[in-house]
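Pasting the structures in now, so scroll down.
Okay, so subunit A shows up in both of these, paired with subunit B first and subunit C after.
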Partner chain A sequence: MACSVWVLARTPNLFAVVVLSGIYSFLMATVLVALDAVDVAMTEAAVGAGVSTVLLLGALHLCKSEEAKPAHRPWLPLLLSVATAAVLIYGALGLPDFADPNAPIHQHVVPRYLQNEIDVPNVVTAVLASFRSYDTLGETTVVFTAGAGIIALLRRRKHPKSEGSSDGK
Partner chain B sequence: MESSLVLRVVGKLLIPFILLFALYVQFHGDFGPGGGFQAGTIFAAGIVFYALIFGLDKTRQVVPDRLVETMLAAGVLLYAGVGVAGLLLGGNFLDYFVLDQDPIHGQHRGIFWVEAGVAITVCGVMLKIFYMFASRGQSEGNEE
Partner chain C sequence: MSSGGVVEHFSYIVTVFLMVAGLYVVMARGNLIKKLVGLSVFQTSVYLLYIAPGKLIGGTAPILAPQYTVYSNPLPHVLILTAIVVGVATLALGLAITVRIRETYGTIEEDEIIAADNAVQVAEDVRS
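And now, the complex of A and B:
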C-alpha cells in the first residue's frame, strides 16, 4: 500500500494515478477484511475500486491525461497535511488497544445491539437499518442529494439557445 | 471497444451473475455481509460494465434515463415511506415493531424495505453519475 501511495504521489500520468488508486482501494479492502469489517470491505471494493475508477476514467476522458505543472511550490499544503497527520497520530495513541473488550465503545450501547432482540443475524445490518435507521435515512438523502447535484451541474439542455430557463425534459 | 469479441463474450457470461450477486447481497444482507449500499453499487457496476462493452446508447435502451432518475427519488421516498407507515400504524417514525402482528417479523419487514430503498437510490445515483460523465464525453466528441 505504501508503495502504491508513493508511486501515486510521484507519477505525472493521470491514467496511472486512476489505476493505482483502484489498486489502493483493493488493498484497503483486504485490510478491512483482515479487520473483520466485511461489509465495509465490500463497499470499498465495489465503490472505491470499481465504480469510482470508471467515473475517474470517464472524467479523464474529458480532460488531458498529463498532470499540469504546479504553479507554485507545494510547501504550505505539505506542511498542513503533515501537521494534520501528526495530530491524528497523536490522537490515535490515546485510543484503547485494538479489540480491547473493556474499551468505552464496547460498554455503552453495543451490549444491547448484541443481544439481538430483533433476530437479525448480521449485526451490521441490524444496527444500520433498525437501531440507527434515522442515520441511514440521512445517508440515503445525502446520496440522493449528490445525484441531484450532479444532474444540476452536468445536465445538457437539448436546445441551449431557446428558452434559457426551461429544462428540455 | 465494441468490436472486441473476448470482452463481449465474457461480459455476456459475467453480467447476469454480477446482477444476481447484487440481488443476493441485497436479500441476504440480514444473514451475511451486505445490504443496500453494497447491492446498489454492485448492481450499478454490472450495468456500467455492460455500458463499457456494448456502448452507452444500448445501455440507455436497457436502462433508460427516466427510469434512473425515478430510481434516484423513489429509493428515498420508499425509505421515508416505511417511516411514515410506522407512523400511520401507531408507532414512531421509522418504528418497525408495528409493521406486523409479530414485532420481530415487523422488524424484518421494515429492514427489508429500508434496504430496498437504499439500494434503489444508490444504484440510481451511481448510474446517473456514470451516464452524465459518459454522455458528456460523447456529445463533446460529436461537436468537435
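And now, the complex of A and C:
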C-alpha cells in the first residue's frame, strides 16, 4: 500500500495515477476485512475502487491525461508534511493501544448495540438504519446536494459552442 | 490501559503515513485531478483511523451468531460507511468542477490557471 501511494505521488501520467488509486482502494478493502469491518470493506471495494475509478476515468476522458512538470522543487510542502506527521505520531502515542478491550471506544454505547435489541443479526445494519438513522438521512441529503450540484455544473455545457462530448454522470 | 511503544501503535503510524502522503499530494502537485486523488487518499486514511481502534483480537465481524461472544466495535463501521458514500459524492462534485475549469481555461494545471487569471487582471488594468 505504501508502494502504491509512493508511486502515485511520483508518476506524471494521470491514467496510471487513476489505476493505482483503484489498486490502493482494493488494498484498503483487504485491510478493512482483516480489521473485521466487512460491510465497510464491501462498500470500499464497490464504491472506492469501482465508482471513483469510473468517475476519475470519465474526467480524464474530458481532460488531458499528462501532468505538467512542477516548476519548483516541492521542499516546503514536504517539510510541512513531515512536521505534521511528527506531531500526529507524537499525539497518537497517547492513544489507547491497538485492540485494547478496555479502551473508551468499547465502553460507552456499544455494549447496548451488541445486545440485539431490535432483532437484526447484523449490528452494522441495525445501527445504520435504526439507532443512527438520522445520520443516514443526512448522508442522503449530502449525496442529493452533490448530485444536484454536478447537474448544475455540467448542464450549461450543452448550449454554448462547446465540443459536446457529454458523459453520463 | 498502558500507553506502550511503537508496536502497539503501529496502526496509528500507518494511518499517519497515509494521511500525510495525501496531504503532500494535495499541497505539492498542481494538477487538479491529482489533487483530488490525493484528497481521496487522505480520506481513506481517516477510514483507517476510525476502524482500527474498533478491532478486538479474537473478535469477529459484528454479525450476531450464537457461537461467538466477542465482536469488533460496530459503531465506527457505521460512521465510515456514511463517510465513504459522502466521499464519493464530493469527489464527483470536485471532478465536475475540474471539467468546468478545463472548459473555461483550457488547462487543469494550477500554475497556468493562476497565470491566466493574472493576465486577465493586467488586461483590465490597462484598459481602465
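By definition in this document, the second predicted complex is superposed on the first by the 154 of 169 C-alpha atoms of A that agree within 3 Å, B and C clash if a C-alpha of one lies under 4 Å from a C-alpha of the other, contacts with A are read in each partner's own complex, and residues count from 1 in each chain.
One rule holds for everything that comes next: a contact is a pair of C-beta atoms (placed from the backbone, for glycine too) under 8 Å apart; a residue touches a chain by one contact, two chains touch by 3 or more.
Values in this document were obtained by computation on a predicted structure and should not be read as measured data.
Asks: Give one of first, second, both or neither to describe whether A:V124 is in contact with subunit B, with subunit C, with both, or with none.
Replies: Touch partners of A:V124: subunit B and subunit C.
Asks: So, A:Y134: does it touch subunit B (first), subunit C (second), both, or neither?
Replies: The answer is first: A:Y134 touches subunit B but not subunit C.
Asks: Does subunit B (first) or subunit C (second) touch A:A92, or do both, or does neither?
Replies: In the superposition, A:A92 contacts subunit C only.
Asks: Regarding the shared-chain residue A:R155, is it in contact with subunit B (first), subunit C (second), both, or neither?
Replies: first
Asks: With both structures placed on chain A, which of the two partners, subunit B or subunit C, ends up touching more residues of subunit A?
Replies: Greater contact footprint in residues on subunit A: C.
Asks: Contact-wise, after the overlay, does A:G58 reach subunit B, subunit C, both or neither (first, second, both, neither)?
Replies: Touch status of A:G58: both partners.
Asks: Return first, second, both or neither, reflecting whether A:G147 touches subunit B, subunit C, both chains, or no partner chain.
Replies: A:G147: touches subunit B and subunit C.
Asks: Does any part of subunit A touch subunit B in one structure and subunit C in the other, and if so which residues?
Replies: Residues 38-39, 43, 47, 51, 55, 58-59, 62, 121-122, 124, 128, 136, 139, 143, 146-147, 150, 154 of subunit A touch both subunit B and subunit C.
Asks: Applying the document's contact rule, which stretches of subunit A touch subunit B when the two form their complex?
Replies: On the subunit A side, the touching residues are 38-39, 42-43, 46-47, 50-51, 54-55, 58-59, 61-62, 118-122, 124-126, 128-130, 133-134, 136-137, 139-141, 143-144, 146-148, 150-151, 154-156.
Asks: Could you list, by residue number, the parts of subunit A that touch subunit C in their complex?
Replies: 1-2, 5-6, 8-9, 14, 17-18, 21, 24-25, 28, 31-32, 35-40, 43-44, 47-48, 51-52, 55-56, 58-60, 62-64, 67-68, 70-71, 74, 77-78, 80-82, 84-85, 88-89, 92-103, 105-106, 109-110, 113-114, 116, 121-124, 127-128, 132, 135-136, 138-139, 142-143, 145-147, 149-150, 153-154, 157, 162, 169
Asks: Can you tell me which positions in subunit B touch subunit A when the two form their complex?
Replies: On the subunit B side, the touching residues are 25, 29-38, 41-42, 44-45, 48, 52, 69, 72-73, 75-76, 79-80, 83, 94, 96, 104, 107-108, 110-111, 114-115, 117-118, 121-122, 124-126, 128-130, 132-137, 139-140.
Asks: If you look only at subunit C, which of its residues touch subunit A in the complex?
Replies: These residues of subunit C touch subunit A: 1-4, 8-13, 15-21, 23-25, 27-31, 33-34, 36-38, 40-41, 44, 47-48, 51-57, 59-65, 71-82, 84-93, 95-100, 102-103, 107-109, 111-112.
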